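Both complexes shown next keep chain A, but they swap its partner, so chain B is in the first and chain C is in the second.
Coming up: the complex of A and B.
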């Protein structure tokens, strides 16, 4: 038996009965309308490439993209119906640009630029292609892959970690993808190897996928680069921090990424998307979403276009949404969907359905009985119960000292708590407050810095002014000849000083502008 | 402790309920040795605890139904009745449950906020106020579960009539829980040879001599059940027993003649009960893993010291209370660091 990697904390889950014939990808037809949500940047006016009533083709980029966001592509051919500002129900505080596209059911593609031999291209240009085709991390982090690769080139990674661990116990999207498109994933791995020059590739997979493991092992027998790492089946295994910890036993230092210690982590579906982008030239417009039904423990994996309203998906699969509660996310990390017109986003990996219960089961909340279950299950060594006490009593300094910002919001502690305390709700609130405090502190610092600059400037002005005056007073007014000479000289001096002051003002304003940019 | 479940299969109610179930063997064994008086006593303790709970909840204007149903006050009553001798009258029971529920629990803020173990506070209050009652034990029970037995026990609890029958003041060869400890201790003070005492006891009343062993074993059984159910963590009981055994072994080898053997330490008095039922009370113990071990070691040491050097027969209650006092300090010192930071 091979060594199984493990980490402290976390919980095992009861396994579901796995029927292999269910790992088939269902194709979903085009809906009538697509909704695309685009993160917008207030400092950039012309992000959009399209206008209302314009005709778009499948795969046509809708935005230019900038440093923080990749371009987004049209999932269908059709017309742009409207462009408006809206917020989606997961993060209701932020406003997004919402583009509605009406499909014409023709699915005409734009001309795709296929690359057969990627080794003819330099890594930089490949990364550019990946950026332009809008590949982001599909595991849930929504981090731009091109940026990750650039960071990887800059800081010398040695290992590529292929994350095939499901982020929630009952999601099967990654597994489904691996069983169906294993060879394409290997090609994707090779592309990344070419780009970032890693020396070995670890495929991390959980122990219950026995058939897949043996399949992979037989495939990689004569490839030196690859290695399979088997992880114990536990939740949460999918987070990058935890994968690194279970593989190496090391913690990622605070405030750093796994890239900084030489590990490049990609989700399987991201690798698949990279392969599609480079070899087939297809932009990221569709993904696999698993559909988990709590009522009869059944699951389905559907290949769905990003932007499809969830309502359409449910209707197509004949799931009655009046008697069900629809959540985005798996068992542990889930949000209740209020608005069913919400589309599939790039980081949606699971939709779970539970029976709608009108009168919610009475869960009596007791006081914390200090049992320490939560401390034992926390995968990142926090003390949830301490955090709860501090955040309940608004003790913000202590919560910060207890490292609340490290919490990955995995929800285990809440599930295990015998007193039914909504711990993570408290933590989220507390994190929000902590962010606010941080912002405030930053602002204060900035203001103080500006204030100091201003004081200096004023002092300099005063100094130069008084120096001039003194010069003036010292001059001998009686002697006209000398006066002439001196005034002339003084005049030149004055000009010089004026110029200096103006320069100084200009310089400081430039500096301020720079500072502003940096902080935003 | 990785619970193999998805949802919280334990809630507070269930935890308390399982502890109650685990204490059933001990109750039955005590019943066997002391008669029906134990059952009546337990019933009274539970009733008074619930009564006080209701009163204080009314005063504090809390939701009575929710708070009463968490089983914690019932558990306090049962644990109290298991730890006191069976010769108490009803007003003593009331006194003790008053201290346990109102003073130790609700004056500190209710379930989850108490610093001291309620049952042990109730016990300590009795021990300080009525030391004589607390160190005298029941006579041997000959007529199990008969009508006569019932009569005697009711008399003793409610009317205190058959005092001369039941009380065994300074009876040298008294046979159950704390008294042998007390007795041997008294003897050891005056360099009495314990070995001869043992043989005397063994020859005289084989059955009675080992009755406290049986009770301890039944507590152990309940504890194993709790461990199996993963309701309590193994760290506290084991570190506690470990400390107790280590210290007593040291002494036993150097001063064989007038110190009890480790076996006597382990299976006498309230050792097992303390290890599995009292010291593992989640509220009043440390929550971190290392903290739990430290807490167990401290209690073990204290129990040993109190048994050997103090004038009280059994040091369990006081050592648990002292341990509870130290818990905030332990928690503060043993902070675990966050993810990926250097240990502070």
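Coming up: the complex of A and C.
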């Protein structure tokens, strides 16, 4: 038996009965309308590439990308109906640009630039292609993979970790992709090794997928680079922090990436997207979404275009949405969809359907009794009960001291809490506040620095001004000073003369008086 | 007896060294002033009557200035400073009618068509956020603008406008 990698904390989950027939990718026809959401920067208004009523072809870029966001491509051929500002239901505070595309059902592609031999290109040009075709991390973090690769080149990485672990226990999108197109994933791995020059590749898989593991091992036999690591079936296993911790035992501190230690982590679907982008030249407009129905424990995997509204998908699969609640996300990390017209984004990997349970019973929140269940379960070794107390009392310094920013929001503590406290919502709010405080402090420092610079500048100006003035005085007024001195001397002489005159007058008068006396 | 003498000698020596170092390398900036300065919002708006936030912090400690003069900071800043300096704040806060508003970062924009290039705003900006040569058009560098609105009063053509913008989100 091989060694099974494990991590502390977490919950063991029951595996569902695996029937291979169910892991089939369903294809879905094009809907009438596509909705694309683009992150809106207030300082850059000219990031759009298209206008209203313009014809677009399939795979045409809609935006210019910038540092924080990759360009987004249109999923069908058609024309653009409207461009407006809208807020997405996930984060209502941020504003997004919403583009509606009406399809013409022809699916005309733009000319694709295919690369047969990628080894003729330099790594930087390959990364540029990946950036231009809009590949982002499909695991859920939405981090642009071109930036990851650039970071990987700059700080030398030695291993590539292929993350085939499902982020939630009942999602099967990654498994489905692995069973259907394993060879293409291996090509993707080779492309990444060419770009970042890693020396070994670890494929991380959970233990319950036995057939897949044996299949991979038979394929690997001739290749020295590859190695299979088997994780225990536990939730949460999909986070990059936890994978590296369970593989190596090292903790990644907050603010640092796994790249700083030397590990590049990519999700399976991201690697597949990279392969598609470089060899087929296709931009990222499709992804696999798994549908999970809680009622009869059935699940389907759907290859779907990004931007199709969820309502259309449910209608096509004949799921009644009046009697069901529809969530985005799996069992643990989920949130209720209020607006069913929301499209599928690049980071939605699961849609789960449950019975209509609203208004039937309310969960009552009791007070925390310090039972400590959450501490035992936490996969990153935090103390959720303490964090909860601090964040409830707005003690922002203490929460920062007890590492709230390391929380990965896996929702385990909330699930296991016996008194139904919504812990993670508190933590999210606290994280938001911490980020605000950080930003404010940065701004304050910058303002103070600039204020000091300005004061220095003004002081220097004044100094130089006065120096110049003194010089001016010295050079020009020296003559006048001499004159003054001369005049002073004259003046003094005159005074003395005056005094002398007076004295003489007095003397003469005194003499006259004496003479008078003598005469008398 | 020996122990006492040894320790007294040691303490005397260490004290001597400490005082000597303090004499040679004196602390140039007061750490308390820096702490107060870090609490203040650093918008350099000069509404407190001083040239900026650092002079105000200096005045609080050296000249016994009142702590309630920071208008953009609101009650939060007052209570924080009072907590730092151990003043009883309960009486003071009730007396002031400062609204408890969080620091809203406004920025300023110049209407560039109407700017005549008098360069008055640039000379009064406390953080040098306004760029432009005299008798040419001026612009505001949005990243550095603190929203102190000093330049508004010095513009002769009234072409500067306030934009409200939550940059923190």
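To be clear about the criterion, the second predicted complex is superposed on the first by the 466 of 520 C-alpha atoms of A that agree within 3 Å, B and C clash if a C-alpha of one lies under 4 Å from a C-alpha of the other, contacts with A are read in each partner's own complex, and residues count from 1 in each chain.
One rule holds for everything that comes next: contacts are C-beta pairs under 8 Å (C-beta built on N, C-alpha and C of every residue); 3 or more make two chains touch, one makes a residue touch a chain.
Predicted model only: the values in this text are computed from it and were never measured.
Of the two partner chains placed by the overlay, only chain B lies in contact with A:377; chain C stays clear of it. Residue contacts after overlaying the shared chain place A:453 against chain C, while chain B stays out of touching range.
Between chain B and chain C, B contacts the larger number of chain A residues.
Touched by chain B in one complex and by chain C in the other is not one residue of chain A. Of all the residues in chain A, the ones that touch chain B in their complex are 10-14, 169, 234, 241, 251-254, 256, 331, 364, 366-373, 375-377, 380-383, 385, 402-403, 406, 415-420. Residue ranges on chain B touching chain A, taken from their complex, read 1-8, 10-12, 14-15, 66, 69-70, 110-113, 233, 282-289, 292, 335-341. Across the complex, chain A meets chain C through its residues 42-43, 93-94, 436, 439-440, 443-448, 450-455, 457.
Chain contact summary for the complex, chain C toward chain A: residues 37-38, 41-44, 52-54, 103, 105, 126-129, 142, 144, 146, 165, 168-169.
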